[in-house]
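Should a chain be cited, it is by its letter among A, B, C, D, E and F, assigned in written order, with residues numbered from 1 in that chain.
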Amino acid sequence: MVYITRKEHFNSAHRLFREEYSDEENLRIFGKCSNPLWHGHNYVLQVTVKGELSPVTGFVMDLKVLSRLIDEKVLQQLDHRNINLEVAFMKGKLASTENLAIGIWEELEPGVCSSGSILHSVRLEETENNIIEYFGNK
Amino acid sequence: MVYITRKEHFNSAHRLFREEYSDEENLRIFGKCSNPLWHGHNYVLQVTVKGELSPVTGFVMDLKVLSRLIDEKVLQQLDHRNINLEVAFMKGKLASTENLAIGIWEELEPGVCSSGSILHSVRLEETENNIIEYFGNK
Amino acid sequence: MVYITRKEHFNSAHRLFREEYSDEENLRIFGKCSNPLWHGHNYVLQVTVKGELSPVTGFVMDLKVLSRLIDEKVLQQLDHRNINLEVAFMKGKLASTENLAIGIWEELEPGVCSSGSILHSVRLEETENNIIEYFGNK
Amino acid sequence: MVYITRKEHFNSAHRLFREEYSDEENLRIFGKCSNPLWHGHNYVLQVTVKGELSPVTGFVMDLKVLSRLIDEKVLQQLDHRNINLEVAFMKGKLASTENLAIGIWEELEPGVCSSGSILHSVRLEETENNIIEYFGNK
Amino acid sequence: MVYITRKEHFNSAHRLFREEYSDEENLRIFGKCSNPLWHGHNYVLQVTVKGELSPVTGFVMDLKVLSRLIDEKVLQQLDHRNINLEVAFMKGKLASTENLAIGIWEELEPGVCSSGSILHSVRLEETENNIIEYFGNK
Amino acid sequence: MVYITRKEHFNSAHRLFREEYSDEENLRIFGKCSNPLWHGHNYVLQVTVKGELSPVTGFVMDLKVLSRLIDEKVLQQLDHRNINLEVAFMKGKLASTENLAIGIWEELEPGVCSSGSILHSVRLEETENNIIEYFGNK
């Protein structure tokens, strides 16, 4: 079993808030991250996949294939987008980095699985000091 | 003459567009950066000041003082804000990183000057691959 | 279960040595790290906490709260301090990065626990090439 | 149990290809990485070792000793070398980063073991976006 | 006048040597960098362009256009190539990072000029510790 | 004229204070950096040298030679040392990063000059946010 990781980037806008709360209540809970006029981040995404080596290629999974899968399933939905308003898999969810990491896992898992590998983790840096990691529903 | 640099960070939303153009025209010129629902960045700001060393402190300018000046004049206006809608010194300007760097220079210059030093440059990374530097009006 | 990490920094002086050994003996075992007149580092600390997501906030634990906890329990004791002479939880211990990571774990664990989350790991970089990680007493 | 990591670097040339395939077939499978005239990388290697703390030194294993072991067993074979043509432990293997990480594990494992510690992982970055990690044959 | 920088990467093989010298003589002068079986690097390229801001876009030069120019003129010749054997603009030259930076300048200068901006510098990192910068023939 | 930079690291202890002032006065001026029991840093040093290319080597100056010069003249005095107490060229000076950069320039300048090149700048990072650069006495 070998673990391979592909690192990608996307830049998005978001806001932390609950619709049923007032702006004051959201400010109390989420601080400046609840600004109603949005703010944004350069997210750094690391996707780790594990599996046996292919005897033909010496790869777990071609990292270019993994990169393309991440682009199709994740980056095209998120990059230069508003996470609260434009991302189908985040509809109705709080736009926390935790929920975003779980959502990205669910977008990627079927494609990694059908390639014959196992999705191991999704790691998401909102800033270089704030990092979320999700290992699936276990 | 010695040069000192303070590095700071802020996270903002913005959009590249001209009000007088249609969304299609803005898309043609600015690409996905013109998304009407915003996107954002973790900006990295480096402010460089030059001057003679103080014989008392061995400093050009106390970097904690420079950090406080950047916080008061720049970060409080920009961090977790919408650059197009909420930042006084960007009103009526295109929210390009170039214009942002020039605006930050103008916000900082009087304070650096009145501390007895010379503002040398404002360097702004929008992403780690896109960097703007401004050395003042010369 | 989701994992969240907060990265912090502190700058300290230390020395590797055993009081019962001569300077020569300490030099033989610890090399230049035993210099009796001290040396120091910019330590990079990463604290990882795991737990379920709060249905209210979408957070495992508010990273600002974790940051404040690290500041109160760890940074105020260590930053700009002499690890051998000034840090209560290191009294009587060798000031190795290993012991420092274990000590930081013990300072943080009660606070993380009483917030309803689980402390997963303490990762400490002494330099970018020398890294220690501790997952608790198991 | 504490985990310690030493980071090292080496610069090598390599090529991804199978001898029994034509250049066209290799190009189809491995893309530009199969260029017959080679290309190369600045590899970043992280070796993680785990164990109990020595009561004498407060170390799991002296990181200078680990660094020397990596130098003798790995860097002297790989640094400024052609991985396909000059590295004994890669003879007859595809020069994928996966195989390289497994090979480095096998070169290091006896030395770490005889020092009384346990080799935990070998992590190899081919580029900052492509990362392989191996935890041994389990 | 504002300065804009685009950062790009390429991975190549090379060798430092003079054809008219023996392998021993090359080894004496260039050390392990003269290995006849090649080695390679992940080069980091930073291209800085200066100019006035366009009143339409707020840009000195669209960084996507600069990125495309670097790709066409430089990366397609260098990435996953052997610098000594496959790069037209390095024919007959020693493959030092200095000569490579000068060669990249000459490849880029006409395109930057015809875009209405001024090429200011080419900065090339061979490793993170070895950096070359060229400001043109002045 | 081409510019070459070598990056090196050293880890030292220091304290900002004036002997003629009380601890309270030093605390008022220098803050926690005046702690009488020291603190320390992982300094990052970048030395830039400029010159014409040698027609034999294609180098301005062999970066391994520059690295050795920095090691002999600077690192051996500073690494794992107390800057206030053990570094000859800092005797009687405030241990600010500014004074340290000037001192390093003076240690290196004769050796760079006698190699036939010109010392262009000494850049010293005390932390990743606090950076000093010195271009000589002009």
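Brief remarks on what is shown
Note that a contact is a pair of C-beta atoms (placed from the backbone, for glycine too) under 8 Å apart; a residue touches a chain by one contact, two chains touch by 3 or more.
Because the structure is a prediction, the values reported are computed rather than measured.
Among the remaining chains, those touching chain B as well as chain C are A, F. Where chain C touches chain F, the two copies mostly use the same residue numbers: shared numbers make up over half of all numbers in play.
Chain geometry summary: the mean Cα position of chain E and that of chain F are 29 Å apart.
The mean-CA centres of chain A and chain E are about 34 angstrom from one another, to the nearest whole unit. Within chain A, the positions touching two or more other chains are listed as 128. By the document's touch criterion, interfaces exist between A-B, A-C, A-D, B-E, B-F, C-D, C-F, D-E, E-F. Considering their complex, residues 1-8, 46, 48, 53, 56-60, 63-64, 67 of chain A touch chain D.
Listed in rising order, the residues of chain F touching chain C in the complex are 9, 11-14, 32-33, 35, 37-42, 79-82, 85-86, 127-128.
Those residues of chain D that touch chain A in the shared complex are 16, 18, 29-31, 93-96, 98-99, 101-102, 128-135, 138.
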